[in-house]
Every structure is written in C-alpha cells, then in structure tokens.
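What follows is a pair of complexes built around subunit A, which joins subunit B in one and subunit C in the other.
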Partner chain A sequence: MSDGTLFRLLELAVGLSLVCGFVALWRRGLVSIIRALAVQGAAVASVALLLGIHEGQVQALVAAVLLLVLKAIVIPRVLIGVVGRTVEYREIEPLINIPTLLLAGAVTTAIAYLAGRHLTALAPGPVTQAVPIGMAVMLLGFLLLVFRRKAVTQVVGFLMLENGVALVAFLTTAGLPLVIELGAALDLLLVVLVLQVLAGRMVRQFGATDLNQLMELRD
Partner chain B sequence: MTPAAVAIGMLQVVVLVAVAPVLAGVMRTIRSRLEGRQGPSPLQPWRDLRKLLRKERLITQQASWVFVLAPLVLVASTLTVAAVIPTVATTTLLGDAVDLIGVVYLLLTGTVVLALAGLDTGTAFGGMGSSRAMTIAALAEPAALLAIFAVSLRAGSSSLAAIAETTLSDPVGLASPETLLAFGAVAVVTLAESGRLPIDNPSTHLELTMIHEAMILEYAGPDLGLVEFAAQLRLTLFLTLICTLFIPWGMATTATAAAVGIGVAAWLVKVLLLGAAVAILEVGLAKVRLFRVPELLAAAFILSFLAVVVSFFLQ
Partner chain C sequence: METVALLVPAVPAMAGVIALTQWRRLATWVGIAATALVLAGGATLGVATAGGDVVERFDGMVRVDALSAWMIVLIGVVALIATIYGAGYVSAELAQGHTTASGARTYGVLVQWFVAAMLVAVSTDNLGVMWVAVEATTIVTAFLVGHRHTRASVEASWKYVVIASVGVTMAFLGTVLVYFATRHGVPDATLRWSELVSIAGQLDPAVMRTAVGLLLVGYATKAGLAPLHTWLPDAHSQAPAPVSALMSGVLLSVAAYTILRVKVVADITLGPGYLRVLLLIAGVASVLLAAGLLLAQADYKRLLAYSSIEHMGLIAIGAAIGTPLAMAGVLLHMLGHGIAKAVAFCASGEILLESGTTRIADTSALLARRPLIGGTFGLALLALLGFPPFSMFASELAIFRAGFAADLGWVMLLTTAGLLVVFAAVLVHGQRMLLGRPAAEADTGSRSRAVMIPLVGGLVLAAGLGLWLGPLRPLIDSAVSVVSL
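Entry: the complex of A and B
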C-alpha cells in the first residue's frame, strides 16, 4: 500500500472516530450510543493498524488486532448486556437539550483545534496533523461524562475519553509498547465488568441507574 | 458564449423540466411497489399537471397580489436555478453569474414566497404550514451554507462548475473526511428542504403533520399545477446538486454531441438512482416528531461544521 492511500485511510479513520463522538452526544437510545462507541473503537484500532503497517512493526499489528477485538466487540457486548439487564433502553433527558449539547460539542472541537495546533507545530507531518482530532474525541467523551446521567452513558463517556487518549498516543508516538497498550485496555475491561455488577446492584436497590439518586444519603 | 454552449444550456433546462415530474412519478411507483401496492404509472404527475393546467383559475376573495404572484415567482426562481446548476455539462446558461451560494438563496426565495402565500389568505392551516416551513428553512440554512463552504474549500471556488471540474480531475479528493461529512449534511438538508420524510410527508393531508401541503391548501387549478411542478423540479434540482457536487462523473466537459449525449444519460441514471434511494429510505422511515426536527437539523449543522473544521485540521 502506498503512503498516500495509507494517510488517506488514516484521515478517514480519525474523522470517523470524531463523528462517532458526536453521534453519542446526539442519540437518545442507549443501544445506539453503545454502537457508536463500538464503531469508534474499531476506528481507533484501525488507526493503530495503519500506523503499524506504516512503521512495519509486527508487535504493533498484534496490539491493533487485540485492541479491535476488545474495543469493538467485547466491551460493547458487555455494555449491551448491562442495558438489557437494567431494562432501560432510553436516556430520558440529558441535563441540557440535544441541539445545545451538539453546539457545546462544536465549541469543544474548536477549542481542541486551537490547543492542538501547537502540538502539531512541534513536528508537522501527515500523521501528527490529526492530533487535534484525537484531543477533540477526548473532550467529547468528557462532555458525555458531564452531561449524561445514566451509569451506562457515563461509562461510555469514560471509554470515549480513553479512546481519545489512545488516539493521541498513537498519533504522537511511533507506537506504544505492547505491554503498556494492552495493560491500559485490560484496565478498561475491568472497569466495564465492575460497572456490570454495580449496575445490577443499583437496579435492585433503586429500580434505575440514574446517578442523581445516589446524591442523598438514606437509611 | 458560443452558440454550442447556449444550445447545451437550453437542452439542460428542457431535460430538467421534462424529467422532474417523471422522477416524482418513479419515486411514487417505487414506494407503492415496496408497500405492496400497484401504484400509478410514473407518467401520472405529467397527466395530473396537464389536467390542472386546463382547469378554470379560481382564487379566494381574501387573497391579495402576494397569493396571485407566488406560484409565478416560485416557478421562475426554480427555473433560474435549473439554468445555473451544471447538469449534463460543466457549462450552463447562467453558471458564470450565479455561484453555489446564489443557488441556495434562489431556492430559499421560493420557500419564502410560498410561506408568504400560505399566510396571505389568513387560514389556520396556511399559517401553521408557513410557520413550520420557516422554522425548518431557518435551521437548514446554516447547515447548507457551512456544507457549501466546506465543499468550496476543496475546489478553492464556490462556482459549481469549478467544484465539479476539480472533482473530475482529482477523484481521490472525494474520499476525504470533509467531503463525506459535507455529503451527510447536504443529504439531510435535501430531505428537509424538498419536504420529504422524515421531516415532511409529501403524501399526507393530515392536518397535524403536513407542512408543504398546508401552505398550498388554498391553491386550485393552474396555480396548484404550477406549485406542484415547482416542488417536483425543486426535488430534482436538489438531487442534481448532490450529483454535481459529489458524483460528477459522465458530465460533458467538451461541447461535442457525443459527450453531451453521455452527459444526459449519466445524469438520468444518477438522478434516478438517487431518487430511488430516497424512495427506499422513505419506506423504512417514520416521520420525526416536529419538535425533534431541530435535533436532526442540528446534527446536519454539526456535520457541516465538522467538515469545515476537519478540512482545517487536515490541510
């Protein structure tokens, strides 16, 4: 594969991960938000794959395939299982309405661009110029974390935040060591599994996973 | 302008006018078949048009000159757009005078004139339809303009012919994220502005849901014929705009008869395929609640905003 095609595919994958961040902000259904997360995970893994091909490292390719399985298949499956068990298919209302949330996302993206420009300027090139998009994905995950109230959407926000971090890491370094990358990814799996247990407990206790109900003390 | 260019420009307008009602008919037929009905012949819109144009002209006593002039202004502005968008060839009758931004505002002129006509007779339905149409137009406008901006950035010009020629000479440029995002935004704007599902249902007369039909409820006879023809032409023009901006292949760049012939055939195939895609999409979609329409159009705005931002990110 020529470098030109490689970089074009890289741009598409990075762009797709950004769009998935916005889809997660836009949709109300929990299952469609989780699907957006799965597609974003696949996009991030394919960035790792493309960079591995570019650098010609076998180790990076192995890491990318493992990431793909974990981020695009295993974690979304577990989350969908949680949604199925809690019988909450819809986020009723986010804290602010959806057009405002989307505009906030647009402002966030612009901020990421302004901040990320300086990073890009350190080593301009076809790979590093996508760094601001990675930062935007990070901030969108943070936005989701702040403005969505269900336990599942909070975890999705957290995972998107991590996807953004992984994206920036891939784009700025020549490729993380396999051990670090997989260690971080397994941590995520652990978080999701803990959530699975926690959400089950919450539903038994409160009948819902709305985190606002955890704000007050009860006997 | 050479005589050949003028002839091609005239041919384009004639082809657009002839095909617009047929396209509406084909889309109706496809929907009927998919819903398990026989459906009318694709030529039915032309027959309806002929019937309506032969009828007596009736205008309510409450109507002012706005109501009388609206169908004419609507058809005139839409026909002007038909002479501007490169369809079968990259040269057009008025293409040098009006760019993409001009096209959007010419189409908007039609929307505004129709909304004024809806308000003019003072009926409840007309006012309701006008208010809804203006809400949608006001929300779709920023999305359309930003998408145009993103597409123009790639070509370095907002002239439609220049954009089409850039795409023809550099087809790989289409696979960039900004073009795909702009395509998404333009697709949603097309559905909103030409009154298709999930924003407006073109085949309903249910008072709670209609938008376009509510505005034209007071029209009858030849006026109704003109308004309906303008709506059909408008849909065709939006689909043609998508062809020109994103899939310009087959368009004639030279003024030879063979090239123009291929251009006409390619345009027909592209527009019919796009129309079929819209019809199939409509079968699978339910109308969005009116209060959810801003969410959909906000998403279109975000797509076009991202298209612009990403083209700055990835220069």
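Entry: the complex of A and C
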C-alpha cells in the first residue's frame, strides 16, 4: 500500500470516529448509541492497524487486533446485554435538548482544533495533523457523559472519551509499549464489567437506571 | 534486596488468592500476616535505600528508592491497622446480617488486591505501569464501596467509578503525551521516571505543559483535591470502616505521591512556577471547601471524609512550596494522617456497629457509655486537628514555616483561616458525640475490647512519631532529596 492511500484511509478512519461521536449525541435509542460506539471502536482499531503497517511495528498490530476485539465486539456486547436485562431501550430527556447538544458538540470540536494545534506543532505531518480530531472525539464523549441521564449512555460516553484518548495515543506515538497497552486494555474491560454489575444493582434498588435518582448523597 | 522489592506487592496479591477459598478464618490470618510482611518489607527496603541507593529490576518495572520505601512503610502501617481491625468488623457485620459469607469472602480478596495495587503503583519507575496500577485501585475498590448493596452505596460506587475513571483517563492522556514528547528531540522514547528526570530539560515545553496539566487533573481527581473531590465524601462514607481507613489513609496519599513524581520532571522542563500555581489553587480550594462543608456536617463518616480533603489540600500546598522543609512536612503528614485517619475511621466503624446510625445528632455521650471507643475516636480527632504530641502538629508546622519562608504569606494566611474553621467545626461536632450524660438505659455494648488494640496501637504510634522519628529520620531525609527543589 502506498503512503498516499494509507494516509487517505487513516483520515477516513479518524473522520469516521468523529461522526460516530456525533451520532451518539444525536440518537435516542440506546441500541443505536451502542452501535455507534462499536463502529467507533472499529475505526480506532483500524487507525492502530494502519499506523502499525506504516511504522512496520508488530506490536502495534497486536494492539490493533486486541482493540478490535475489545472495543468493537466484547464491550458493545456487554452493554447490549445490560440494555436487554434492564429492559430500557430509550434515553430519557437529556439535561439539554438534542439540537443544543449537537451545537455544543460542534463548538467543542472547534475548541479541540485550537487546543490541539500546539501538539501537532512538535512533529507536523500527515499523521499528527489528525490529533485534534482525536481530542474532539474525547470531548464529544465527555458531553455524552455529562448530559445524558441513563447509566448505559453514561458508560458509552466514558468509552468514547477513552476512544478519543486512544486515537491521540496512536496518532502521536504509534502506541505505547505493549505491556502498558495490555494493562490499559484490561483495566478498561474491568471498569466496564464493574459498571455492568453496578447498573444491575441500580435496577434492583431503584427500579431503573435513571441517573437523576442518584440524589440521596449530598451536602 | 530485589527479591524483597518483588515480594512486597506479590505477598498481598497471593493472600488475596488464598482468600478466594472457603476458609475465611485462615484467609483472615493470612491477610493480617501479609500486611505485616509488607510493613517488614518496607522497613527492609527503607534501610537499604536510606543512603540514597536504588533497588531496581526488570528495566525499571520495579524500582524502589527512598521515596518509594517511605510509601511502602505508610501502606504497610495503615494496612496492618485496617486488616487487624477489619477481621473483627467483618465478623460483626456477619453476625448482624449486613453481609453474607460470600460477601465477606469477596471483601477479604479485594482488600488484599487493593493493597497490592497500591504497592505496585509506588514501586515502579514506569509512568505507564504506575497509571495501570492506579486505575486498578479504582476497580478493586468499586465493590468494596458498594459492599452493603444499599441504595446509598450503589449511588456512591457508581459516582466513584465514573468520576475516578474519567479523571484517571485524563492522566493516561497525559502519560501518552509525555511519551510523545520523548519521541522528539531526545534519543530514546521512554516512560521511565528516572530517565525522564535526566532528559527533562530537552523535552518540548508546549507538549509537556499539556501533558503535566492532564496528569495533574487525573491524579488530583484520585487524590480528592477540589474541585475534583465530589466522589470522595460519598465513597468514603459508604465503604466499610476498614476500607474507608485504607482509602482515606493511603489511597489518597498514593495519588498525591504520583503527583510528586510528575512534579519533579515538570519542574525541570517547565520551571517550578507552573505546577506551583495549580497546586496552590487546588490546595487552598480544598482546605476552604472542606472547612465550609464541615461546619454543617450531620454525618460523622462524611465529617472524616471532608477532613481528608482538608489534609490533601495541605499536602498539595506543601508540595507546591517544594522546599526540603515543606517536602519533609508533606511526607510526614502523609504518614501521620494515614495512621490517625485509619484509627478515626475504624473507631467510627465501632460506633456504627453499636448505634446503627452515622448521624452525629443521634450519637451522644460516647465517652460515658463506651469510654474506650469514645476515647479512641476523640483522640484520633485531636490528632487530625494537629494537636501535639501527634505528628501532624510537627508536619503542619513544617509546611507553614516553609510557606512563610517561601514568601507565600497570603496563601498561608488563607489556609490558616480555613484550618481555624475546621478546628471549630470538628470540635463542636466531636463534643456533641462524645460528651453528655447517657440516657437511662444500660450499656448495650457487647463487643470484645480486643478489636480496639490496633486502634490504640495506632494512636500511640502517631503520638510517638510526633516526638521522635528515630530510625525513620534518615529515610525521610533521603526521600525528601528525591522530590525537593
């Protein structure tokens, strides 16, 4: 594969992950939000794969396969399972309405571009110029996390934030040392499993996973 | 010595595996023995590193210097108090029907793994491994916070996991950007702290500024510094008492330790001004916020949690000052706070077991009804307020003297104002719980006095450290030279 094609594909994958972020902000159905997460996970894994090919690093390829399995298959399955068991398929009214949320997403993306510029400046090139998009994906995840009110959507928000961080990691460093990559992937999986169990307990205690009900502890 | 450094985290990890079995009694004793071994290992490593030597293995995956050894000793002491007390606490919870046999088993496993994860975090040279270990502490403590399956504990653990994981993800991005900075302008990309210190001067300041900012946000969330503290009062008040002791007493300090490591590198690359301003803001904000929320506090476990935010604020202020005197104060404060907070939380567990409520208003005349519990709780509160002879008197004095010497007079005055409010608030709440005449009915306490032994021991130790550092003196001096300007 020529470098030109490779960079084109890279741009495509990075762009796709940004689109998935917006789709998640826009949709109300929990299953479609989880699908957006799975596609985004696959996009992040392909970024890792393309960079592995570009740099000729075997360990980046290993990381890519690992991420694909984890982010595009295992974690979305776990979340779909939670949706099935809690029998909640729709997001309730978010704290701010959806058009405003999308607008906020657009503003955040612009901010990410401004904030990411000095990172690109250290090593300008076709790969690092996508770093601001990674940061935008992160911030979109953060919006989802803060403004949506269902347990599952909040977890998706956290995972999208994490996807954004993973994108920045691959675009800037072509992946951390494999041991750390493995440790981080394991931590991520365990966090999702912990949240899955807690969501189950939430349904038992509150009858729903509506986060507005988490109001008992305050000062 | 390398073997000791490897065994220190491995022993509690194995003890956790043993706790997976059905023999709870055996697992309890193994757990206590494991934490005692951690303490012994910490002491051995302390002797080995006090002269400035470093124990290292596997390319820096394991690396113990004087600062690491200090942290291992701290983890060992607090874990020992918490596991010995915890044995009796869990039996009582079982007897009262608050937990089941399998709940008690999970508890035993997770506490040991929690200790192991903290030990990994403080005894590695690799910032990536350190991050993985810090994130692991969130995972293992999630179910410990939610131990009781009540509405409040589900809420607390959800908030805790979400906020702490998001925060720590920021630290991951910071770690990534540090790695990015080392890929340009220096020969080898690295995440090893000891190498970063030697090449820090050549790293790109713009990237490092973002990286350090993110690392601070991430680890400050874990350390409970304002304004990222919101999960802390919930999690620390809902967790079982011995777990609160570990979370407040050492986990917060382990997070502060990671900030100290980052600070050494950041100060060389960016100059000391950058982190100093951020840490001062977070530190003073923590002290003032804790002071405000302590005033009207109605729950004694939350009272202790806010006191932890206050003390983390003081530690952040001390770290911001950064002179050897301030750093000595910070390290001694971590140890003194760890012990006193562990005793206070464990004593609060006794009060809860006896009274069934954590409301301050429903607790009175403890000193008359249960002199041992009340006395321990009261003395621990006094230690936390910085009364002599407890060691926090000495460490707070050191931080304040260093602050005034570094021309940070106005910051220290603001902090003093906060501390005075804390002082008044804790004294008022404390006397409401401790003093007064008991109601007519007779004492219903049926708990054995033996459970109080580790708490009394902790108090004696905290007071002793305030008077005489003894063999810890060379270790703290050497640890200070690792982190001070």
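Simple rule for what comes next: the second predicted complex is superposed on the first by the 215 of 219 C-alpha atoms of A that agree within 3 Å, B and C clash if a C-alpha of one lies under 4 Å from a C-alpha of the other, contacts with A are read in each partner's own complex, and residues count from 1 in each chain.
What we mean here is this: contacts are C-beta pairs under 8 Å (C-beta built on N, C-alpha and C of every residue); 3 or more make two chains touch, one makes a residue touch a chain.
No experiment lies behind these values; they were computed from the predicted model shown.
Look at subunit A after the overlay: subunit B and subunit C fit there side by side.
Using the contact criterion defined above for the overlaid structures, shared-chain residue A:132 touches subunit B, although it does not reach subunit C. By the touch criterion defined above, A:105 reaches subunit B but does not reach subunit C. By the touch criterion defined above, A:19 reaches subunit B but does not reach subunit C. The wider contact with subunit A, measured as residues touched, comes from C rather than the other of subunit B and subunit C. By the document's definition of touching, neither partner reaches A:114: not subunit B, not subunit C. When the two complexes are overlaid on their common chain A, residue A:11 makes contact with subunit B while staying clear of subunit C. Of the two partner chains placed by the overlay, neither subunit B nor subunit C lies in contact with A:73. In the superposition on chain A, contact is made by A:151 with subunit C only, not with subunit B.
Superposition on the common chain places the nearest Cα atoms of subunit B and subunit C 19 Å from each other.
Residues of subunit A that lie in the contact sets of both subunit B and subunit C are absent, per the superposition on chain A. Residue ranges of subunit A in contact with subunit C, taken from their complex: 115, 118-119, 121-123, 138, 142, 145, 151, 154, 158, 161-162, 165, 168-169, 172-173, 176-177, 179-180, 183-184, 186-187, 190-191, 194-195, 197-198, 201-202, 205-206, 211, 214, 216-217, 219. Those residues of subunit C lying in contact with subunit A across their complex are 61, 126, 128-129, 131-132, 135-136, 138-139, 142-143, 146, 149-152, 154-159, 161-162, 165-166, 169, 172-173, 175-177, 179-181, 183-184, 189, 191, 204, 206-207, 210, 233-234, 237-238, 293, 296-297, 302. For subunit B in complex with subunit A, the residues that touch the partner chain are 172, 175-178, 180-181, 294-295, 298-299, 301-303, 305-306, 309-310, 312-315.
By the touch criterion stated above, subunit A contacts subunit B in their complex at residues 8, 11-12, 14-16, 18-19, 22, 26, 98-99, 102-103, 105-106, 109-110, 113, 129-130, 132-133.
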